[in-house]
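One chain, chain A, links the two complexes that follow: it is found with chain B in the first and with chain C in the second.
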Partner chain A sequence: MTETNGTTETRVPVTVLTGFLGSGKTTLLNRILTEQHGKRIAVIENEFGEIGVDQELVINAEEEVFEMNNGCICCTVRGDLIRILGNLMKRKDKFDYIMVETTGLADPGPVAQTFFVDEEMQSKVALDGVVTLVDAKHIWQHIDTSDEAKEQVAFADVILLNKTDLVPPEELDKLEARIKAMNSAARIYRTRDAVVDLDRVLNLGGFNLDRALEVDPKFLEPEYPFEWAGVYELGEGQYEFALQPGPDETMNAALLPLEDSSPESLEAVKMDAALAFSDDEFDLDCGEFFAPGKQLWQLKLGGRAVRFAVRITQPGAYALFTEHKPVEFQAELRDAGSALTPVVQHEYKPDHEHDDEVTSVGINVAGDLDDKKLNAWLGNLLQTKGTDIFRMKGVLSIKNNPNRFVFQGVHMLFDGRPDRLWGMEPRHNSLIFIGRNLNRAELNEEFRKCLA
Partner chain B sequence: MNINFGGPLGQRTKNDPQVIGRIKGWVAESFQLAEDVAVMVTELRCTEEGCPPIETVIAILDTPGQPRQHKVYKPMAEVTAEDVAAAANGEGEHHHEH
Partner chain C sequence: MSGIATQTPAKMTALAPVWNGEIDGHVIALEWSPTGRKLAAASVEGPITIFEAEGAAQLTLPGHRFGASALAWSSDGQHLASGGQDGKVILWDVATRQPQHTLDGGSAWVEHLAWNPLGGQKGTPHLLASAAGKKMKLWNADGALVREYEDHASTIASIAWKPASQFLTTASYSRLAIYTTALEKAQRQFEWKGSILKIAWSPNGKYVATGDQDSTVHFWFEKTGKDLQMWGYPTKVRELSWDATSRYLATGGGADVTIWDCLKSPEGSKPMTLRGHEKFLSALAFQHRGQLLASAGQDGRVIVWQPYKDTKARAGVAFHSGVSQLAWSPDDERLAAGTESGVLAVFARP
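== the complex of A and B ==
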């Protein structure tokens, strides 16, 4: 039972355990059941499950997926879970936690949606978290080819990279980076024999985004298609942008005019830069003009030192956005041969270059939202892209409302509610989408249009 | 706070648990279901052309692997005992999932 803003959460928490066969789900489950935690846990085990301890409340489930649809809406749920949970609810006094173990090949979508689709169920049980076990040694056999493996990673609140003893540390680092790129909201722990502090997998609090932020404060920081920006005060005249050979054959860059040289002005132009970087780039060879404006230029290096001419006709502040950090190319903006020092500069979290179609998009914006605009946008988004949005969660600041609004969702379904008061905390909006083929720039831009 | 953003299912209004309980009671009675049979009642909305704008879907999960779905083209709060009885008598749309 948890207290939130004076309201007591009386719903029974449910943890869903996913992971490929052999990843360690049953080991973790047995560990949870044997640990002295004082909880009475009901376990819904998959048909191949092998719980090794005496447990009164173990129910065997056959994964029975069924589809509810009205033509254009398709929502797939687990019929067996509805039946089992319905019966469990009638004996509510007998347990205070539910664990659901899925088979290795299960798509976690229907399991998760089951907890959102039936309102009666929603009033009695709450999805606390999805915990995904990853076999650190064998995941590479599936992660590129199996939709289920990708979705198990995408749906997770917590990912245990298990069997770490079988894999060298550098391979684990590589795997962790890959997984973070797919699901940047999940907390990742490295484990051996599924040994993990139970506080890290149970009672996560589906709505407690603060806790997630505590673990990795950067997880909601948006990713950008550029790694660096510098602000320069430029008078009328000709400058040059010089680069040495670096880790890439090309470097994308844009030079945007600013109101003034303050950090706030740089912040204000960031989205314009992101949009410019999502447009087609124009090739620029050594010696050509690198013109200011919302144009994305691809500077060709070809493994040699290059210079590009920059002609300024309107004196003022300009922000130079670069795809890579200038230091990697010893890149300099020069005036009569001398390097200029930016008045303000900022490094951005890079938009990871990877082939995965599954990614996460975080949005973090200060200010209040207009609930009508938000309804219209999110309603349309979920209706048109809901099948590709695996999970979303967030904290929102709704205009004229003193409470934070927290929500989480699965595909087209969501569960949201007012949370504690904002109080002295600056009002802001933090949300994350995890899904397939998400358009980062568009999501950011459309969300900003919902501000009051 | 009456915020209600969301997609097709998200757009449903929060229904009174009593309304759901009432419909489930009628379903159990009309379909003569045993006490432990799970019944799911959900309101679906859709704004796309060609789709019914609102419907109440009643799913009966009595036979494993073969849930039965019935639809009443009304908001959940307006569904009557007669609508449910009509569904049980095969007058409404219903189909088996396989």
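== the complex of A and C ==
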């Protein structure tokens, strides 16, 4: 039997349904209401909603976005929802789910924030997930120009690429890649007529990061400015790094000393490498010295075979981080002319090559956090960057606390609580930020400073 | 007390029960008739129950489909009005249990009702104001529409007549407005960028206090339109009650009762704090003429205080579910409380 010691969730889960006009929200709602699932679902539809089911569990609401007096745009809420949900929760009839449909042009911020900012709401209902419907054919008209379209994608826990029958598969692939680049945490399903298993859109468990991990184990894996790293045991002496012409004129690289040649040591130096890669690079021409250390070098390749000298004065383990995979340039680290084989090597998920201002930053770090440092960092982060952080969620390992700590947030608002015991599971921290103009290296670096 | 289980909070004198009753569902509105002979309680589920003869007799009106939300007795006790989520305002014939007039509130949820305080005096007719969504309407006791006011820009959160006057006040997002019975448009308005939840006029008509979503209380000086903001509350403020002399305003917005002294002006003053609840407050009620204040909370407690004297609880009781409504009888001798589970209890003044 699994021992659990977390707080039991008694709040009614709320699913927010967003998507542009014509994306299929009403079709999905009608299906949810008519399907025989044995659940009591209350729907709060927007004033233009056209649910064809006549029943008292459908409440029509006019979106009333209220700003709080402190003038912070992060503290806008839906006043109508507070009133309606406050009333629903007083009834004897309890609901299994509540669905809130927004109008096509709605910014999901206020509706999501409503569940964090009002104590009455927070005690009775919980944001379970944001489901965004995307009209696969017409989204291209909006995705570059409309802030609302970007925000609807960025806020989503689940994205339904709907109307797939109207779009060729290549275009769907392209759209899916684009959406993943903006929001790597969302699960994406391709649908026609909004046909999807209900358990893919309901009861996502706003806090249940495990479930998200089940679906896409890579979703939290961060992106790095390098694609490859290899660990070598190098004695004192001179080596050379040789490359052949490849797909690019230059390649960034760094050679960092390691504790030892274990995968753990490579993992430990990864953030230093990410920081080095975010610094200015020094140009290096053929024949020059490629020195070890935290310096980022830009190797000039110029479409020919080139070699760089590597002089090692401190024998030990070194990690070579390269911007591209070595195979693309037939790159080799050589000792007296013969190629060395790395003791350990790892390929990293590359930075997406896109110009989207909306992106996701994942952080995945083993170890325990100092709660004071964490609070100070998060408090400052949300205060200074809250406007740009649309959503965040994660599982944290707090020092001296046997329970997992789970949280989610919207803009400046944060809702966290102790979850089940860690038990035998290795203690680690996984979190993700989705937002505009996020600084990946800085977020990673600052988070690591919170380790106990 | 028979039938319902209550406890007395530690270190408090027990409130003495007189009678109790039960309705089907969360008590959303609780109103004594002007003579104090009848007590009407509305359930969020829809029905309305009228208790008489110290709880010995009761009759239940069908109420509103989809739920009731408001009740109001006219000042002569002849008319009981109710509002609900069927979009209707109903004037009841209490004797036959039938709706005498069923009126269209103008939007899906009729949430606020108020009879004019001067109705029946010196030939002033009884007038009922109803608010539903952005619509406010004025009716006479025969169910005829007297006036439909201009649409508000957002949902009307609270309405209140200025004491002893024919002026009607509404609160909506970022706006407090004063209407007359004669004109569709507001006569005066006070603007403040925020969400107002509740209006409370001081009995002398000098101040309008509001409780707000952003955990503040505002005082507006009726004469000048100047306002003061009181902040530092843990949560939104929906509980407000003035004492009869207009000196003290009791406010909720947390587990503690905060009382502002308005003898001169609350500006810069340090409020009195009454501590006795373990969860957020849900209702506050000063006596109509006396000095006692009753508070109710989500912790199930009802506590009676005498803030003129000290900050100690005079008497208390604890129900097994949160208390949603409080009402002093017109003669201030009885205190009625209604709970989230539909329990109704009436206590003697301590």
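Here, the second predicted complex is superposed on the first by the 436 of 452 C-alpha atoms of A that agree within 3 Å, B and C clash if a C-alpha of one lies under 4 Å from a C-alpha of the other, contacts with A are read in each partner's own complex, and residues count from 1 in each chain.
The rule we apply is simple: a residue touches a chain if its C-beta (ideal position, glycine included) is under 8 Å from a C-beta of that chain, and two chains touch if they have at least 3 such contacts.
The shown structure was predicted, so the numbers you read here are calculated from the model rather than taken from an experiment.
Considered on the superposed chain A, chain B and chain C are sterically incompatible, since they clash. In the superposition on chain A, contact is made by A:Arg91 with chain C only, not with chain B. Of the two partner chains, chain B is the only one touched by A:Asn375; chain C is not.
In the superposed model, A:Gly416 makes contact with chain B only, not with chain C. Of the two partners chain B and chain C, more residues of chain A are touched by B. Once the two complexes are laid over each other on the shared chain, residue contacts for A:Asn60 go to chain C alone; chain B is not touched. Using the contact criterion defined above for the overlaid structures, shared-chain residue A:Asn403 touches chain B, although it does not reach chain C. Shared-chain residue A:Asp147: touches no atom of chain B or chain C. By the touch criterion defined above, A:Gln383 reaches chain B but does not reach chain C.
With the complexes overlaid on chain A C-alpha atoms, the stretch of chain C that clashes with chain B is 243-251, out of 9-17, 243-251 or 261-269. On chain A, the patch touched by chain B and the patch touched by chain C overlap at residues 62, 64, 66-68, 70-71, 75, 77, 79-80, 82-83, 87, 118-120. Across the interface of their complex, chain C is touched by residues 56, 59-60, 62, 64, 66-71, 75, 77, 79-80, 82-83, 87, 90-92, 118-120 of chain A.
Residues 25-26, 28, 44-45, 66-67, 69, 85, 108-109, 111, 133, 154-155, 173, 192-195, 212-214, 216, 234-236, 280, 324, 340 of chain C are the ones touching chain A in the complex.
Residues 1, 3-11, 14-15, 17, 20-21, 24, 36-42, 44, 46-48, 50-52, 55, 57, 59, 61, 64-65, 67, 69, 71, 97 of chain B touch chain A in their complex. Against chain B, the residues of chain A that register as touching in their complex are 62, 64, 66-68, 70-73, 75, 77, 79-80, 82-83, 86-87, 116-121, 123, 371, 374-375, 378-379, 381-383, 386, 398, 401, 403, 405, 409, 412-414, 416, 418.
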